[in-house]
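Letters A, B, C and D name the chains as they come in the text, with residue numbers starting at 1 for each one.
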Amino acid sequence: MKFEAENTDILEEPYEFQKLLGFRMVDWTAERVIIQLPMRGELTNRYGIPHGGVHAAMLDTVMGYAGCYTGDPDHIRQAMTLTLNVNYLSRPKGDVLIAEGRKVGGGKRSFFAEGTVRDETGERIATGSGAFRYRSDSVG
Amino acid sequence: MKFEAENTDILEEPYEFQKLLGFRMVDWTAERVIIQLPMRGELTNRYGIPHGGVHAAMLDTVMGYAGCYTGDPDHIRQAMTLTLNVNYLSRPKGDVLIAEGRKVGGGKRSFFAEGTVRDETGERIATGSGAFRYRSDSVG
Amino acid sequence: MKFEAENTDILEEPYEFQKLLGFRMVDWTAERVIIQLPMRGELTNRYGIPHGGVHAAMLDTVMGYAGCYTGDPDHIRQAMTLTLNVNYLSRPKGDVLIAEGRKVGGGKRSFFAEGTVRDETGERIATGSGAFRYRSDSVG
Amino acid sequence: MKFEAENTDILEEPYEFQKLLGFRMVDWTAERVIIQLPMRGELTNRYGIPHGGVHAAMLDTVMGYAGCYTGDPDHIRQAMTLTLNVNYLSRPKGDVLIAEGRKVGGGKRSFFAEGTVRDETGERIATGSGAFRYRSDSVG
């Protein structure tokens, strides 16, 4: 899988935790958000595989962004996670974790999103869903 | 709150992701697991507060360990997360995140756990629950 | 366990689905909500044990009410479930399902709650958590 | 939407709770499970809309069956729900609730499934996911 960030003008600067984990946003449209994270030793747990917190962080990220798309860098919409649910399906076979998020419902005050983490072989590693509420001080 | 790790002989060496996030296990008994994580800029999201993935990682960690206590460093029990659910209650007022996990049920093949993230002022930041399965190659 | 409904003046009339399942509210205070449901054949699944939907319905009910307590029957607060998470710990040994719900956080627009289903022997059958939003047309 | 149950020979007899709620299985293949439930007053909550426990029960049902398909009525596979997560997206506009479940991963001992509840207009009412474990005494 290869992603071209066609809408690079709306992609935001990486924030602190994003830099610590090392993921990169490669797509952010009204339909979906995609981030990529190359695996490395620093992300592994006591069993030598990616820590479940890595998948959770990626899913929280793509689902949150999925509900905040405006298409206009001058109008930023922001949201807080209310609940996050993650199902851990399998271990990665490849070297890159790719998370995709989609908004699936909601209204003016809150929204729902779903997400999936795969590796570059297409293996589905984890799925997630969540409820989010818009920050009242962000563009509605 | 202050925790004395009385059972330091069973505390394991920090693994890679643990070192990246910077949390430290301070208690691990049959009843509970506690880890601490001093806040720092690297853990913050685009809003300047701890990224939801941090709480998720902490909860996944303490709940997983909670079901794997044996009290004997020569007999290691291991588990994989099946599902993780996190509720984000509030923002931290303090400077240290403290996560506590407890096993709440289960059998020989799987277990359930609950957890809470507070800060050092006692403010409850997040709660979580999860289902885990024991690795078949670990001590039952 | 025996519960005395001391605050019978605020207990509401049973609604339709409540009558179909057969549960009864026995306590509703600022601290907790408790409902009871005597087991019967109609509530069982293809294995002859209570259907998971029964526990889910009970947990959704007590958690939703937990966030809506006002103590005043003339001021009704209402809420909608955003997300519901249920962990199925064990099977009942007794003949009555008793669900208890508690509000654990939230603000003016939404709240979080936790709940537990036990039987009359004290056996913990299921635990749950959820996020709810207040209906804007109800007393805030 | 109209469903023809082509594989009626593997559809099981309704069990007790199924009869109480009134849903009917209309499809059960390796790919998906579908059940239908005509709305009626008995299924409504204190607001006059379907109780959240109804959607939860339907999702638990279709997801559980989704992992137990064998295609052979003489070989029955059985599973217990470990965790159930439900997101409540909107209210039904129509008169029939239609739940669909799909297995999305797992192994010999446990599986994961996802599900959706729609009405006959296609409106998405609720989504769910869950982890289940196979009963050890059922065909593996």
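Here is the rule we use: a residue touches a chain if its C-beta (ideal position, glycine included) is under 8 Å from a C-beta of that chain, and two chains touch if they have at least 3 such contacts.
Keep in mind the model is a prediction, meaning the values are calculated, not measured.
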Copies chain B and chain A - interface residue numbers shared by over half, same or different: same
B-C, A-B or B-D - pair sharing over half of the C-D contact pairs: A-B
Of A-C and A-D, pair with higher C-beta contact tally: A-D
For chain A paired with chain C, centre-to-centre distance based on mean C-alpha positions, whole Å: 33
Separation of mean Cα positions, chain B and chain A [Å, integer]: 22
Chain centre separation in whole Å, for chain D relative to chain A (CA means): 28
Shared interface positions of chain D, touching two or more other chains: 82-83, 85, 87, 112, 129, 131
Footprint of chain A on chain B - complex, ascending: 12, 15-21, 41-47, 50-54, 56-58, 60-61, 64, 78, 80-88
Chain C contact footprint on chain A (complex, rising order): 82-83, 85, 109-110, 112, 129-131, 133
Residue ranges of chain C in contact with chain B within the complex: 85, 87, 89-90, 104-106, 112, 114, 124, 127, 129, 131
